[in-house]
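For reference, the structure discussed in these notes is given below.
Labels for the chains are A, B and C, by order of writing; each one numbers its residues from 1.
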Amino acid sequence: MMDSPFNSRGRTWPRHAPGIDPGAKPLVRFDAVTKRFGGLAAVERLTLDIFDNEFIALLGPSGCGKSTLLRMLAGFEQPDEGRILLDGADIAGVPPHRRPVNMMFQSYALFPHMTVGGNVAFGLKQEDVPKAEIDGRVRDILKLVQLEGFDQRKPHQLSGGQRQRVALARALVKRPRVLLLDEPLSALDRKLREETRFELMELQHRIGLTFIMVTHDQDEAMAMSDRIGVMHQGRLVQVAPPAQIYERPNSRWVAGFVGDVNLIECQLVESGPTGSALECAGVGRLSIAQSVDAPPGSALCVALRPEKVDVASLPPDAADGSHFAGRVLDIGYLGDLSIYRIQLESGFVLKASAANRSRLAAARIARGDSVFVSWSSDAGVVLTQ
Amino acid sequence: MSERTIAARRRWASRLVIVIPALWLAAFFLVPFLIVLKLSLSQTAVAQPPYVPTFDLAAGWQGLRDFFAALSAGNYALLASDSLYVTSYLRSLRIAAISTLILLVIGYPVAYGIARASRRAQLVLVAAVVLPFLTAFLIRIYAWVNILQREGLLNDALLGLGLIGDPIVWLSTDTAIYIGIVYSYFPFMVLPLYATLEKMDESLLEAAADLGCPWWKAFWLITVPLSWPGIIAGALLCFIPIAGEFVIPDLLGGSDSLMIGQTLWTEFFTNKDWPAAAALAVVLLVVLLVPIAIYQHLQAREMGSR
Amino acid sequence: MRRGLSVFNVTALALGLAFLYLPIVILVIYSFNASRLVTVWGGWSTRWYLALLSDNAMLEAAWISVRIAFLSATAATVLGTLAAVALVRGGRFRGRVVFSGLVYAPLVMPEIITGLALLLLFVAVDVERGFWTVTLAHATLTMCFVTVVVQSRLLSFDMSLEEAARDLGCPPLKAFFTVTLPLIFPAVAAGWMLAFTLSLDDLVIASFTTGPGSVTLPMRIYSEVRMGVKPEINAVSTIMIALVAIGVIVAAVVTKRGAIVRERATGDR
């Protein structure tokens, strides 16, 4: 899997990602967009640029406004304030049927009274494309999604995965400027979902199209997208590539939402150009290899991912980083991993996880054992928000 | 700019969807009631149409003042003073209330039985309950005339079985009215009851049994309270139209005491006293206004909640 | 709530259905009675059906009723579907409470009040009463039943289907006609059927709103029945029951097909 060209970790970053080509013009620009429903803001003064050929995921819990954002771009909702630009032009007032964007619906929304071919051809018929061309394009796109020979079937004669691909083909056949995907994999079962992730990524790579995906599944967002926009209560809290979201979250909320984390409340003691020292209630003194731009005494938070914490029966000998003694409260055995909850001498409960690399490793540390936890000085991230 | 006009035109189209049926209902449902109200304040006359005053737009402002001056509450005074009308109203309300109760007692076990049948059987049973409703109402009442008359099948059957010695008079009695009403309104009671019972989670009764509640007690403590919306909807759906029923008492009932629908019919068609008939209608409407309002509220909520 | 039927449930169902169907079955059987006396069985015969064929007044009334039912049901279906769309899709427009009140009130309003009110309207605007006034009155009454039937179907309709059509370049009105209408068609057809049978059935409103020369079938039957039981009426009734039964079977097949398609389309979500 690691050597697959479509794995996000082995993949080149997009050509126009911000910071790589600062002169690039965004394909889609949300400019201070606000949308309220009955006085409640679903999206609030949100600004986001999306570039050509990018695969961006909007990630957030349900009700965070991510679907509303997508529906505003599709034209089903009108922003109350702000502008949405497509190719530099304001698309306010353009009805959905005239926008060069197409959507893959969460429920797929396949027309049950039409065949697969009829569903895929539907959009082209609205454009008055000549019959011969429609036939050709429908055939090509069904081939692309590996549904050749299915054009006479009705949607109810297809499996879940096949329906998903019909929905994809139906949206792609229009050759939109942007493809919008609303929870595209949520209706599939787990195994199929993981296979389909790679299929979608490969497809996007091959046809070179901008994908905007809405999802509440962080694994999906991490594995598939070039950039993730994390949303919370109608606001965009962080936009960055997946690794940065995970390793350098910009707030407690993002750190807690994406992956598992220990949040340790601390006070800044001192900060230099290469590192800083913090006094943490319930844990002790931590040194972190990160410069912090705040006056000494500020209340801060250290985010520490469980897999960055080492658990050992003997005290570690390396002096770099931090180590503390504690006792194992309980162990959650997940097969590939084990999750340890460890109570430090000060009372603070810390989560640590370790891969069970040797078949008997899980048996080595038991509940109630006295252990030592340690982590390197670059393991934690200092969060100011 | 053209996109804006298209959007404006689209808003107009979506407004027409509301405006057309709204205007239709206003013209053919709301306005007629205002006319009934106005007529109930007029006097009967030997004329065509048989009442005064008539509304004359050509007379202008003065005509309008004359028109209002000529209105009177005389018809209502008549309704209140003549015991014929008062008994008629009371009789209608009593018959409507008793038959609604009978319908509830008979309809509930049937609705409950349907709700507990398998999915497939439910569809068939619901269709079986609705089907007679689609065959003409008049015919179904007429069928009972066949059965209930003195030499009819019911007496034949009872005599044949030796249960009675002499034929019983069924037709032209209140019993016949109740039979006819219960028979005709049966689906209106069963369907709303079935709709709520069918939605009920069966594990609730299992939970009650698990907690030590015997089934008959669970029925009273769980099933019945949860089916209140269906009970109310069914009761209103029956009570309101029964109170104004005409055909059933006319064909099956006796002629000595009348329901209000019959009284209204007689005033209108036989006595040609249109204003009195209008006043009778207005009073009936006022009496039924509260149940109708409750019914509408329930209906709107039911449609909104799904 | 499905747990199989107890003896009590089966008894309740059997008695309930017997109560509903026995009178109709008896009526049908006696329409084939050879005897003129309704209560005496004189052997099987179709003489009353033959007698019906020469009863011109009855046949004419039936023809008038069928035409009124057809026209009023069609108008009611259009109006009722519009009202259903307005109620489900209209959102919170001004006057919504009044509007929904106007839609649901005729469902329970005693016919005698509605009939009187409509008659007075026709008198006030001074139109000639007869075929067309009955048609208008029936359309008004039955459109509300159509609305309820179509509305409950629209409420379970997946809005994203229509949105998908618009997303693929279909203007809103066209999206309604190419996607929504075909899918809710079984409900619209059921609404039409219901309106048709209600119109065919109505005595009270027709009696108020009709004029000389336009006697509907229920009015005709009513005036005969008031005189006492007549075997011809049994025959007319049997024919009407047969027509309704055929209509219901056709409707059941149509809606069942729709339901199966719908169920499969949404089945394993």
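Observations on the structure shown:
In this section, a residue touches a chain if its C-beta (ideal position, glycine included) is under 8 Å from a C-beta of that chain, and two chains touch if they have at least 3 such contacts.
Fair warning: this is a prediction, and the values are worked out from it, not measured in the lab.
When chain centres are defined as mean Cα coordinates, B lies farthest from chain A.
Comparing per-chain C-alpha centres with the mean over every protein C-alpha atom, the closest match is chain C. Spacing of chain A relative to chain C, judged by their CA centroids, is 54 angstrom.
Centre-to-centre separation between chain B and chain C, using Cα means, comes to 16 Å. Chain A and chain B have Cα centroids separated by 58 Å.
Residues of chain C in contact with at least two other chains: 172. The residues of chain B that reach two or more other chains are 10, listed in rising order. Multi-chain contact residues, meaning those touching two or more other chains, occur in chain A at positions 95, 98.
Taken together, the chain B residues at the contact with chain C in this complex read 10, 13-14, 17-18, 20-22, 24-33, 35-36, 39, 49, 55, 106-107, 109-110, 112-119, 125, 127-129, 131-132, 134-140, 142-147, 149, 151-153, 156, 183, 186, 190, 197-198, 200-202, 205, 236-237, 240-241, 243-247, 251, 261, 264-265, 268-269, 274, 277-278, 281, 284-285, 288, 292, 295-296, 299-300, 303, 306. Interface of chain A with chain C (complex): residues 74-76, 95-98, 101-103, 105-107, 109-113, 122-123, 126-127, 154-157, 160, 170-171, 174, 187. Contact residues on chain C toward chain A in their complex (touch as defined above): 158, 160-161, 163-172, 174-175, 179, 182-183, 261-262, 264-265, 267-269.
Chain contact summary for the complex, chain C toward chain B: residues 1-6, 8-10, 12-13, 16-17, 19-21, 23-24, 26-27, 30, 38-39, 79-80, 82-83, 85-87, 89-90, 93, 95, 97, 99-114, 116-118, 120-121, 123-124, 136-137, 140, 143, 147-148, 151-152, 155-156, 172-173, 193-194, 197, 200-201, 203-204, 207-208, 218, 221-222, 225-226, 229, 233-234, 237, 240-241, 244-245, 247-248, 252.
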